[in-house]
Structure formats: C-alpha cells, structure tokens
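So, here come the structures, one by one.
Below, chain A partners chain B and then partners chain C, in two separate complexes.
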Partner chain A sequence: MLRVTQTKNSLLDGASIAEELYTTPKDGEDFFESLDKPEKEPTKLAPRNTFIRPGVLTTVRGSAYMEYGNTKVLAIVAPPKELIRASARRMNMGVLNCYVNFAAFATGDLESVAERERHLGSMLTKAMEPVVCRTEFLNFQLDIRVLILDDDGCLLSTAINCCGVALVECGISTYDLITASTACIFRDHVFLNPSAKVEELLWKHRGNSNTNATSSTSSVQEHGLIITASMDTFEQIAQCQQCGYLSPATYVKLLDYTLTINKSLRQLIRGVLTKRVKEQHELDLREKAESALEDQRLEDIIEKLKKQGLDEFIQSNIKEDPYVKRI
Partner chain B sequence: MSALADETIVCLPGERLCRTEDNIVLGIGTYEQNGYIYASKSGIVNIDDSGENCQVVSVHKPGFHLTIPATGDVVTARVLVTTPKFVKCAIFCVRNVLLESSYRGLLRKEDVRETEKDRVDIYKSFKPGDVILARVINQLDQSFLLTTAENELGVVIAYASDARKTRVPMVPVGWSEMQCPQTTIKEPRKVAKVLPESSINAVK
Partner chain C sequence: MAYVALSEAEKTYILHGVEDDFRCDGRSRRDYRPMELETGLVSNASGSARLRLANTDILVGVKTEIDVPNPLTPEFGKLEFFVDCSANATPEFEGRGGSDLAQELVLSLQNAYESPLAFDYRTLCLIPGQQCWKLYIDILILECGGNLHDAVSLAAKAALFNTKLPRVTATLLDAGITDLIISDNPYDCTRIGIETVPLLVTVCKIGDYCLVDPSAEEEVCSTVSVVVSVSMRNGEPFLSGTHLTGGGAMHRDTMRNCLQLGLSIGEHLDKLLTKMLKLEQERVGPKRPKTVGFLK
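Right after this comes the complex of A and B.
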C-alpha cells in the first residue's frame, strides 16, 4: 500500500522521479497544484484502462497478467500441496497463502519493499479467503504468488483482481468472481483509482498531521484511502481496507464509488473469462478429434492385420538373429 | 431441456444455474446456496439426465482441471511402508488422471479384505514397492483413508522380494498368491482381479 518510510534513494534515477518532485512540503503543494484535479463529485465512475489475460504462463496451471493503467501485475496459482503439519492450524478448511513480490525495477524505494510485501501479502490473503471454496480441499495448502512488475497505485486492488482471474483459470472452486478497486479523498477532491503520486502525497500529508499534532487546517480536513473487494452475486464485501480520517458520510460515498467501479470491472472480467472458456473448449474439441483420428488409424491397422493373419504379422516382424548361422 | 442441451452454455463462478429440486443432483463444479445451484468453476454446463428420474448438473472446465482424490474414487498408489496395523502409500493417480504430486494414503488392516477381516495379515497382503488399486473412503487429517475390500482392488504390480533387481513383475496365480515367472517363487498378496478395458466398456 502506501510507503511508511520516506527515505529517498538518489541512486535510482528513473524510479525516483516521483519522489524528487516534492522533497519539501512546499514541493508537495506545488505538485498538488500541478495535478489536474478531478471534480469534487466524480461523474464518471469507471476503472482505468485495463488489460487482463489469463493463462499467460505455460509452465504453471493457473496464471494471469493484468495491466491496470500503468500498474502491471502477474499472479500464479500453484496446485494445492498437502499440509505437512496438520496440527499447526487444525481446521476443517484449507489454508490459503498469498505471497507478494516486487520486481527489482518496480519501485524506487527499496528499503521498505520487504515490509510492503509482507503487508500486501497478508491483506491479499484476507481478501481471497472468502472467495475460495476452502471446504473442498481440506488439509491442503494453496499458494498464490503475485509479482508486481510496475507500481502506479491501486496495487492491492489490482492484485486482488488478478488473483481472482488466476484462481478461476486454475480451476479452483470459487464461490464468486472477486473484483476490487481503490478510491481516495484528499482536500475535498475525490480521486478514483489514485496513481502512485497521489497515494504518496496522501501518505505524506498523513505523516505530517500525525507528527504535528497542532491543529492545522489541513489535518482536520478529510483525507483517506479506501480499498473495497466485492463479490456481486450475493452482494458481499470480501474485504474493505481503509486508512486516514473519513467522516461516515464520506466513507459511504467512497464505498459506493468503489462498488460501482467493481461492477464495471466485473463485466470486463466476465467477458475475458467467457472468451477463455470458449477458446479452451475449442482446443479440447480439436484435441479430441485428433485423438479420435489416431484411434481410427490404429483400428484400421489392427483390422488389416487380422485379415492378413497373425502368423504372417509375427513372421514379418521377426528380424533375423545375426548371431545364428544360417544353414 | 433438450434444446438447451444441444448448445454449449458457458458459465462462470457465481453464476446461478437453476433452482434446487428433489430430482436435481449437484455435480462437479457447483454449490448450493439459498435454494439455488450456483457454478463454482468456469466452464460448460453439463446436464446429465441418464439417471433414474434425476438430473445431475455439473460444470465441466475445458483445459486443465485440478484433481484431488474424492470419496469413492479409485486411485492407484504405491506402497511405501507396511506395519502390522496399516499400510502407508503414495497416491499418484486418481481415476485415469496422473497427479503432479503424490498424496499420502493410509490403508488400515480392517479395510484390506471383504471377508475374514479379523484374519488379515498385512505382511501377507502387501509389500513395500507394490502398486495397488484402492478406493478412497474418507479423508483424515493427515491422509486419505483407502480400502481394497473389493475383488477388483488390490495389488496390481508386484516384484518378488529376492528377485527385485531383474524387474520382472510377478504373475497372479490365485486370489492370494503371485508367482515370479523367472524364479517360480510364490508370494502371498491381496491380488486384484484386473478387468481388461474392453470388458469394462462392454458393461457400460
């Protein structure tokens, strides 16, 4: 999610541009001014430009790649393993583990990577647990691995979407499709699907208001970020993560925004998965036709041999032993 | 219904398939909630009404599908350890699907044979290294509980204990004995009556 430490790594140039933009509070202000601010009440509730492709890797059974704007995420699901120590978590449900890893080039801030990975992993596990039919694989352990290739905000929600697709692709029973999205509010401006810059600005603002407890005008203002993962068939919310300071009315407003975005994302994922099923169905049919052809060929050979007589067949297949001298 | 069965219906997880009724049975890839049947996998809806006045609704996923031994499945396993009370084995094949990784199976002494259960001796039935056919009866905390209490279940491939290096499998010479064709040694086993594939298809 948001980074905690605010150390700057000047050695990395490309990735650290975003940080150099506002090294002092004043720069932050400037950046905020330069930002094209959305309207106070967003009119268009839509996800970013999205690209999802299930089954990108041939070496793993369930994999999915997703681009959400500039955020790029790859998820793989390994087939369930047996739990070695059943006593560790004796439940009548399977165990789900999510691991998140940043690619080395994904983020400029290398120092907090390990912490963020752990944080994201645990939140992802919580979000995915309600979706998977865990009663179907008792004392099995399911590992989901996520690789973040590029980070431009909305990391957790993109990872949840991507994992959902990868799970379905792997053929693991799920109760529903899961979709997630992010929204945040900063200085009365609602940012839907905030970019990394906005997220960081928000975090900085929050850090300031925490340290300077003096009631400055900015710290009283509403600011916060909300991530909602939902399953629409039963109108369930799989996970709702929020940070910052939000009044209940704003909270509900943001929640509604994210849920609306989830709905449109769901349509997109449905389309992708339906296409995938049809694709694979056709492949299956083709394979079946090929194997039927092969069977037919073998049957013909057997039929021919039966007509020829078995003895002849055996005779024709026996090779002469080179060590036996012919008389 | 017949008109629907001809065309393929694609469904995704969470999609409502039909209402639960007495004559509708949940198949693979479905679950029941609030009186309706929902799909839990992406795939093609399959309605099988060959059974007696009941229909099985299942979802078939094309391409790869995950196989976990379920209760009632016939599995192929390799015997790893034998003790007087039970046999530990590694399941490597479920029905006709080869698994990517093997699962643990446990065969208790009571489940070896249908008759004379109290006179079963494990060491007269299995030896480590044998390949057996078994049926899953339950899923314990640690492993799958197996049974070979059927004529068609038991040892399929076995090697004589002293002639293991030759790798010549023994030939069954009765319900409880196998013989090595090279050394003519007879060893006791719980032999499975393996049916040829053609006869199984004929029965169906």
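Right after this comes the complex of A and C.
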C-alpha cells in the first residue's frame, strides 16, 4: 500500500517491536528468496479469486461485501443528505466523502492505523469522484463508508471495486461501472495483485532494493506500484496512483496490465449486478403474488359475509358494553 | 485550491484561448509564468527558499535534527514534510479550512520523495544504525495563484540545495556509545545532492488540450489534471509518484500524452532550476545581492 508514515524506531529505545513482519534487512532478503517469483513478463492477466455480494445489510440502502483473495472489504452507501454548511466552492457539485475504517483485527500494527485510514479515505474519494454524477445532488453530500475486515494487499483497489457495487445497489446514478486493480514491480519481477507481504517488502525494503543498482551504476533498479481505477465504456481512467521509481516505459506497461485486469473484473461485476437485479425482480414478483393472494382471501371473506347478511354479522360482533348495559 | 468565481462566459473565453494556443496572459500551452527565486533568507533555518510564481508565493524552511534511523534502513536519514496554508492566502484557509489541501500536498510530496532513488537518504546518515539527520521541510503557502504542486516542489528543491548540514565528528566512548561533536564553524558544513530530487509538474486538461502551469482561473475550468513527479537520473527522466486529481477522468492515450508533456517540461524545468541555483551560489562576497525577501 501507499503507506507514507515511517514507523518509529522503538528498537533502540529498549522497547520491543510489536508484530513487525521483518525486523532486520536480512529478513526481507530471506522472504524474497522464499517467494515464488512470477516470470519477468506476466502471461496471465487475471484478477484474484473474487467474491462480491451486493445488498448484504438490510439497515442501509446500499451495501456490498467483497472478497479479493484474502482481502475482505465491506462498503456502505447511505442516501445523500443535505449539507449543513454550504460553501461557495460546492455550489455546482454535490460533495462526496469517503471514510475508511480498519476493523481492530484487520492489521498487525495499530500505531499507524489512524493515519492510514485518513490517507486511504482521501485517495478513495479521489477515485470515486469521477464516477458519481455529482451534478444530480447539488447541496447534498454523499457518504461512503468502507470497513476493512482483512488486509492482504490490493486494499485500495478492492475498496474501489466494492464501493462501485455499493453505489449501484444504493441507486446513486453513476456514469459507468468502476473497476480497479494493482500491479507492482520489484527487482524486475512484475507482481500483479500483490499480496500484503509483497507490498510490505516493496515499502520497507526500499533501502535494499537498490544495492545492486549502485554496483552497476548504468542501470537503475526500478521499483514501484500502480493502482488504476478505470471506467471501460469509454476507456476512461478515473484514477491512477503511482509510487516508487519507474521509467515512463515501465509505467505504461504496468498501466496496460492493470487496465486488462480491470476489463475482466468488469465482466464479473456486471454479471453480479445483473444477477442481483434479476433476483430482486423475482423477489418483487413473489411479493406481488403473495399480496395478491392475501387480497383474494380478504375479498372472499367479505363476499361470504355479504351473503350471510352484513348486519347480522356486525350485531354478532358488537360486544355489549357492560357499563352501558347497567344504565 | 482556492476558489475563484467565474461566469460561463469567462470560462468559454479561457477555453477558446487554450484551443488557439494563446492563453489569457499571452502564454502558449507549454509556457510557465515568470518565477522569482531566492534562497537563504531565513536565518533561523538550515536552508530556506522563497519562490514566487506569478501570484503564487511559497516560503520553505528546512530544519535539521538528529534522530535514530529505522532498523530496516540503518543507513538512511529521514525527511518530514509539513505544509501550512496561511489564512493570508485566501480567507477559505481560516481555521481548519486549508487542512485538506495541505494534506494533499504533503501526500504528493512524500510520495514523490519516498524512493531512495529519488532522494539519496544515505547523505543524511551519520552513524549507520545509530544516528542520522532528520530534515523537517516546512512549507508555508503565502499566496495562492494556482499551480501549487509545481511551486511547492520547486521551492522545496531549492531549499534542499540551500541546506547546510553542520559537519559532525563522532568519538567512540566506552560500551559502544558514540559521542557526536557538531562543528561550531558555520562555514564548516556539508550539502545535500539534489540531482535526482523530483519536481512535480501539473498537467492540466482544459477542453481537449493539455497545458502546464495553470493559473487559478484556468484551474477552475479544468476537468482533470495529472500531477507528474519527474526525477532526473543519468540525464533520463523517471516517474517517482504520479496521480490524477480534480475529479475527472481521462482516456489512456490522453494520459500518455500528459505524461510525455509533463516529463519533457520537468526535464527542462530541472535543468533551469539547477542552473539558476548554481548561478546564485556563485555570487558571493560583494557580488552577492542583498536579500530582498518580501520587501520590494
């Protein structure tokens, strides 16, 4: 992940390091050795095993749950509510706010969670802004909340996918379906949909990644990560976040990889949403049938009563008031 | 960014100007506004720079502190950015109004400087694994006239160039404890290499065209912009942190064109900045112009 906080060094203060994956530069090397490295050029551009379920919560209008490999994310969209303080800047557009929260058990290091939440929130807002028709709710704000249940890499891209589904479920008008994916390059190996360990390696081992580069000064060891969110009907890129150090050619290469993954994800999300609509339609039909049945039953009763004579029925149903009777 | 109220007619005027490659202030789409740069004007900071890009006014101060390096990167120093949006710049920044913008700027700077290839953290190392320099880069936005990303990164780079780290000698005491002696002589100092330090270039899309250095009015008209972070290494441009901003989307080919434009402009800008900084540095003694700062 694009994590920008540097963890404070507590080792030399005598305190123990809390649940760090790597404690010395050597550990990272060991991990990199143990990793089964993908080929230099990935041949199969596919998303991870994905599970998406819209409408998981009944208490809010729009919700979606998504599993992307081991990354588990829940997104909630509430209907737009009126802005309390309207400022001049917001006159011609609705306001979109995204909040990201980690579940307490989602991540090992608790120290930097608050900061990460804020950063993810602001990046998510930037990614979702282009897709929502913000002109349709002037002077209103739309809140999207994301709860991260498990973090195994590709956090931001999974959150974007999940929010996209939740928006549709809530009935907010969007320009297109939005899909996102992540790719990174580390020591010439391209990792698609990197896991948390690879991302951490990339982030924490920036120090060691260029030891080879300094010895062979001519070539630069590129390393970096790209998160691309796209809307494929008109092949628009909604957001493209990059970090690390990449040559322009590599950047475009990684961008194309993520765009291809986005296309196949889009098929999946479309399938899920169509199924959801059909399911909803069936539910509606069933409900209609049931209410028709109920109407029929009541009608029958009324009919029967009419035949018996209504007055008689009413008389028989009036309980005599004990107090009135006494007088 | 600071909000400027524009009518539809004014927006159309700007849009047509951009289409004809002749902007409101007479520039073409690839031109920057005039810049003024001055370094070393804050006496309490180790390094400082003030940049004025037309109406945008930025003051950067670099402060130094000795810290303990991260155990994972024992030979790296640390950098920390802080952006303060002064309420003088626009009334909107009053109270906590500027914090969103400040956070965005800090994030893009941190992202751009994160890679050790973009900024050589080794120069900030004193004793590997024990002591290192930590630089606090404090950025003050005094006036907002558009294109903050570019102005801030240029000023930060200039301030880093101006930064003088006092020379430190270490003596080994008993039990492996080291004692640092910081030189008293203010001229006995080391400098920071800025060859690869990245610059941010905002490429703004107005209508069907991409342009650099948007003014505040042009920023209102733009649908989306790409912030390209350009770092020069061995004479070749590299990307060290790029993102889209402005709430719009763009096609892949447009994105590639924007990157190309950003890279070529960044390369040019970097060359010019380095040249000007060197020129200013050489003007010592009686040739050195008086510090003007804001008194003009």
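The rule we apply is simple: the second predicted complex is superposed on the first by the 261 of 327 C-alpha atoms of A that agree within 3 Å, B and C clash if a C-alpha of one lies under 4 Å from a C-alpha of the other, contacts with A are read in each partner's own complex, and residues count from 1 in each chain.
The rule we apply is simple: a contact is a pair of C-beta atoms (placed from the backbone, for glycine too) under 8 Å apart; a residue touches a chain by one contact, two chains touch by 3 or more.
Computed from a prediction, not measured in an experiment: that's the story for all the values here.
**Q** Touching A:Phe234, do we find chain B (first), chain C (second), both, or neither?
**A** A:Phe234 sits against chain B and chain C alike.
**Q** Under the stated touch criterion, which partner chain does A:Val252 make contact with: chain B (first), chain C (second), both, or neither?
**A** Second partner only.
**Q** So in the superposed three-chain picture, is A:Leu138 touching just chain B, just chain C, both, or none of them (first/second/both/neither)?
**A** In the superposition, A:Leu138 contacts chain B only.
**Q** Just to be sure I read the superposition right, which of the two partners does A:Ser291 touch: chain B = first, chain C = second, or both, or neither?
**A** Neither partner.
**Q** Is A:Pro79 touching anything from chain B or chain C once the two structures are fitted on A? First, second, both or neither.
**A** The answer is first: A:Pro79 touches chain B but not chain C.
**Q** Applying the touch criterion given at the start, work out whether A:Val277 contacts chain B, chain C, both or neither, answering first, second, both or neither.
**A** Only chain B; A:Val277 stays clear of chain C.
**Q** Per the contact definition in the header, classify A:Ser173: touching chain B only (first), chain C only (second), both, or neither.
**A** first
**Q** In the overlay, work out which of chain B or chain C sits against more residues of chain A.
**A** Touching more of chain A: C.
**Q** So chain A touches chain B in one structure and chain C in the other; where do those two contact lists coincide?
**A** Common to the two interfaces on chain A: residues 231, 234.
**Q** Would you mind writing out the residues of chain B in touch with chain A in their complex?
**A** Going by the criterion above, the answer is residues 8, 10, 12-16, 29, 31, 33, 38, 40-44, 61-66, 68, 100-101, 103-104, 139, 141-142.
**Q** In the complex, go through chain A and note every residue touching chain C.
**A** Within the complex, chain A contacts chain C at residues 2, 4, 6-7, 9, 11-13, 17, 22-25, 28, 87-89, 93, 118-119, 122, 126, 129-131, 134, 204-207, 209-210, 213, 218, 220-224, 231, 234-248, 251-252, 255, 259.
**Q** In the complex, go through chain C and note every residue touching chain A.
**A** Those in contact with chain A are residues 3, 5, 68-76, 78, 92, 100, 103-104, 107, 110-111, 114-118, 121, 130, 224, 231, 233-234, 236-245, 247-252, 255-256, 259-260, 263.
**Q** Using the touch rule from the top, collect the residues of chain A that touch chain B in their complex.
**A** Residues of chain A touching chain B: 55, 61-62, 79-82, 86, 90, 133, 136-140, 168-177, 231-234, 270, 273-274, 276-278, 280-281, 283-284.
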